[in-house]
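Below you'll find a set of structures to go through.
Here come two complexes built around subunit A, the first alongside subunit B, the second alongside subunit C.
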Partner chain A sequence: MEDITLKAQGIKTSFQTSEGKVVAVNDVDITIREGKILGVVGESGCGKTVTALSIMRLVPEPNGKIEEGRIEFMGKNLLELSSEEMRKLRGAEISMIFQEPMTALNPVFSIGYQMKEMLKLHRGMTDEQATERAIELIDMVGIPRAEKVIKEYPHQLSGGMRQRVMIAMALSCDPKFMIADEPTTALDVTIQAQVLELMKDLNEKMGTAIMFITHDLGVIAEMADDVVVMYAGKVVEESNAISLFHEPKHPYTMGLLRSRPDMLEEGEELQSIKGMVPSLLRMPEGCPFNPRCEHRMDICVKEMPQLIEVKPGHKTRCWLYDDKGGK
Partner chain B sequence: MKKNEVEGLSPWKIAKRRFVKNKLAVLGLILLGVITLGAVFGPMLTPYEAHEQQMMMRNQGPQGDNLLGFDSTGRDILTRVLHGGRVSLAVGIVATSVATIIGVVLGSIAGFYGGIRDGVIMRLVDIVMSFPFFIIAAVASAAFGPTVFNTMLIIGLINWTLIARVVRAEILSLKEQEFVEASRALGLDNLEIIRIHLIPNVMAPIIVYSTLTIASAILIEAGLSFIGLGVSPPTPTWGNMLEAARSLTTIQNYWWQWIPPGLMIFFTVLSINFVGDGLRDALDPKLKE
Partner chain C sequence: MKKYLIRRILILIPILIGVSMIIFALIEAMPGDPYSDMIDPTVPPDLIEERLEAMGYFDPLPVRYVRWLGRTLRFDFGYSTNYGAPVSVIMLNRLPNTLILGGFALLFSTIVAIPLGIISSTRQYSVVDYIVTVFAFIGLSIPAFFFGLLMIRYLAFELGWFPIAGTGAGAGYEGVRMLLHRAHHLVLPVVVLSLLSLASLMRYTRSSMLEVIKQDYIRTARSKGIKEKVIIYRHALKNALIPVVTVLTMMLPSLVSGAVLTETVFSWPGMGTLMIDAIDNDDYPLLMGITMMLAIIIVFANLLADILYAWIDPRIKYD
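And then the complex of A and B:
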């Protein structure tokens, strides 16, 4: 058995809205192996980001609440830590980078100032040490003329450079684990490729485990060692990347793979999954995917399937693979 | 520095460049500088004391060494105008500092935390805003005495509401920005986020409103002193110099007793307002040059 960096079990996070309580993440298990990249895929609104925020304990209060679960990290259950202990962990041991690099930096301070702040806070460095380290980090994420860049302000950098700065900040204290929430969605394709390459590179060099959230299966294929597919707040399939791409089990995963243009032969028509993600307020009975599923059976509309292991290391939540489903 | 190097322009440098382009604001700043220098160093240059009376010279007009003449008790007007400037400017600055500190602290707490804290603080703002100001000032100066210090405090304690509202409104929108979330993910606590990240972002409106508050504090001090509720004589302020000269005979016959302090109030407030407007334009991030 390999070493596990973070193991989340049965996370259930809900939000209080004007229309009632909504369970955005329901009974989600996430396991991240040391130094590996876990990809989390799913359509918009399926609970990827909320899962990440739950791990960071940054679910917006007072409306959001982590109701159940256990998140084991460095021998501690994160959900039992005091907010002060948790705060010390953030940035130092677990860090996170966000989707939108344009607004994730404070516009009134120079890049260097914002990077040094982290190093002083978590590492207790002096100003000179922090400056030196900041230059080193900016250099590491592949931004040329690092000594100049630390004196510049966010508006002087391009989106790709800002995202690199964010990555540098997230890595500045050598965290064991980093969450990347669609870090390349806001960037154009060429920059996207560079940033992905950089992250993969840093993951190998520094051994930081990464939870990589995206809706782009191509990115997952490129980056991830393991994959979790989420649908409507549930994990529907979990496997290593190779197995997932070669033998997808869940009809939703198959649908996602089929709706990718680069998997097509010439002349073949591009398919899509019919319908939409159901509203969290009006979840269908049984399997949440049943209204869109082409293999729907009677049991699918009555009972929620369990996550079962169909093959070593490959789990899926579908009646097709359950004896009870009467295959 | 090489010539063709692109220099990192901080928001402050950009603002400075814009401010310098605004002629009225620069004029205001120069005027304000002259007035301030006069108030700070002027009294050292005149040979008279503020309270020194020359009974023989009562109500005498400008002459020789006494450029602005004498008042009804034989004191040198120029000396008193300069001393009065010290008091008026000090009242403006201290009262505004009190108001700004209260306004920024309460405004950022209300904006950042929301909920019950916001409710309590904003209702407090509403209450303070509905105080009949002169009555409160009269009660306060009757209860605690009409000293310079009390005047500063009263003006400060009444004038923080506007700044609190502005800061709250700015923070309400700023706290939804992703860099706040990002700082949280990097391990900063709420107070650090407010102090390090949010308040610097609100500095521009704070500076503008504080500047304008200085002007109104000076006016309020003059008004209070004029009706005898501010700084009490014989301490010279522009307000109570006007008060001393308010009789009809004085206004008709001894212009040098009331025009100088009146003009000083006028020019000081005008120049501060010019500077404030200039700062508002210079610090407005939406305005591109």
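And then the complex of A and C:
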């Protein structure tokens, strides 16, 4: 049995909107192996970020609410912790970096202040110790002249630098687990590659398990050990990265793979998945992907398929692989 | 920053010259002359004209402006035709009263408004928020003179908790007793004067905090495990204060100009009532002195706002 860092089961998170209740994440299981990178892929609005926020217990209140589920981490169920216990865990054992480095740092505090604050809080360091450690961390994420940078303010750094600072900050207390929510989406392509490399590197060096959220399968191919594909608040496919890329099972995953320009042969036409992600307020009956699916069967519009194991370690949620679906 | 400050202070000179010209021209345009209220109507017009001629009343406008400016620079604002004393002396007599009243009102409203604004923003749509909001709207909509009269009627007249009017300066007490006596007189005027600024300051703090709390960096702070109190009172408040500082510094000039209505209702001998007197009595030198002083204060309040911005927000660079 491999060591599991975090195991989330049956997470259901809903939001109260002016048009009614919306279930953004519905019965999602996530397992992160120790020191590994789990990639979570899906289109915008599929519930990737809400899953991450649910794990952090940072779902915006009072409209958002984690209704059901269990998140096991370090022998505890995170959903049962008091908010104070959870706060002490955040930053220290679980940290998170976000999509927009331009707005994720507080503009009125220096980089050093924002980094030292965590070290003092979680590690009880003195100001000198924290300063020293902050410089070390800035240096570690590949920012030159670290002594100067800690005195600077976020607006004096470029987007790539800020994301590096965020990574340094997230890793400053040696957390066991880090969530990276599309950390490279807002960056230039060249910078993206550098930041990804840095994260991969730190993952190997420090052994921090990472849940890597992205909509870019290329990034997943490069980074992830395991992959979870999400669609409309549900996990539709789950496997290790190699198996997923070689033998995608779910029609949605296949569609995603076909719509990648860099996987095309010359002269081949770029495909896209027809239709749009359904609104969470108007979910279709049965499988949420059925209106866009090219293999749609009668049962798909009636009943939601179960997540079943089609081969060891490779699960998918599709009637094509279910006996009941007639195949 | 130092370079910016020097440049900014140098720019003040042409601004103040411009303002002084406008004030001079406006007062010049007012009807009547300094003697029209002072002198017995039976005095022959020839004599008045002779006197006016002697004091340079008929000199060309630029000549008179330069003469006035030269004296003003030496803090000589002339002689009040109404009070029969130098304008500077009269103003210095009244200024402390206004500063005490305005200063305490500003202090009181800031101390009360900012925490209330924060509380009502962090508990948006809660009972506390609604109560605070309703009081803020009452504060914004009730006229100061009416509120002042209500206070006098109930708290001072019927219950007798506070004196009805005045500063309490003439009681002849000394030491702590005098301080207490004067503080007692100060309570109602300060409350009345604070009401409006308190309400608007609170609303500004609330909306500014609500805006800031939605920002990504607050979520980052939460993901770092920072305590909620620290997030609100440090991470959020420092950002939220930027617009609040604008409102605060814009309140500074009224600190010195005095509150005409509040001062009148409480017979408080401050700058506000002094200015009304000056206007009523065609007291040009006094009026010009007060207006000029106001202009200077407003210009400096703006400068102060700019300095405070740079101090709070590192993104603002003035080079």
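As a convention for this text, the second predicted complex is superposed on the first by the 327 of 327 C-alpha atoms of A that agree within 3 Å, B and C clash if a C-alpha of one lies under 4 Å from a C-alpha of the other, contacts with A are read in each partner's own complex, and residues count from 1 in each chain.
As a working rule, contacts are C-beta pairs under 8 Å (C-beta built on N, C-alpha and C of every residue); 3 or more make two chains touch, one makes a residue touch a chain.
Remember, predicted model here, so these are calculated numbers, not experimental data.
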With the two structures overlaid on subunit A, would subunit B and subunit C clash, or do they fit side by side? clash
Does subunit B (first) or subunit C (second) touch A:121, or do both, or does neither? both
Between subunit B and subunit C, pick out the one touching the greater number of residues of subunit A. B
May I ask you to decide whether A:96 touches subunit B, subunit C, both, or neither, giving the answer as first, second, both or neither? both
After superposition on the shared chain, which partner residues are touched by A:108: those of subunit B (first), subunit C (second), both, or neither? both
Thinking of the overlay built on chain A, is A:56 touched by subunit B (first), by subunit C (second), by both, or by neither? both
Which partner does A:303 reach: the first (subunit B), the second (subunit C), both, or neither? neither
So the two structures are superposed on chain A. Out of 7-15, 25-33, 43-51 or 61-69, which stretch of subunit C collides with subunit B? 7-15
Residue overlap on subunit A between the subunit B interface and the subunit C interface 56, 58, 87-92, 95-96, 98, 100, 103-110, 117-118, 121-122, 153, 166, 169
What residues of subunit A sit close enough to touch subunit C in their complex? 56, 58, 87-92, 95-96, 98, 100, 103-110, 117-118, 121-122, 153, 155, 166, 169
Spell out the residues on subunit B that touch subunit A in their complex, using ranges where they run on. 8-11, 115, 177-179, 181-189, 192, 196-197, 200-201, 203
In their shared complex, subunit B is touched by residues of subunit A numbered 56, 58, 62, 84, 87-92, 95-98, 100, 103-110, 117-118, 121-122, 148, 151-153, 156, 166, 169-170
Could you please specify the touching residues of subunit C with respect to subunit A in the complex? 215-217, 219-228, 235, 238-239, 312-315
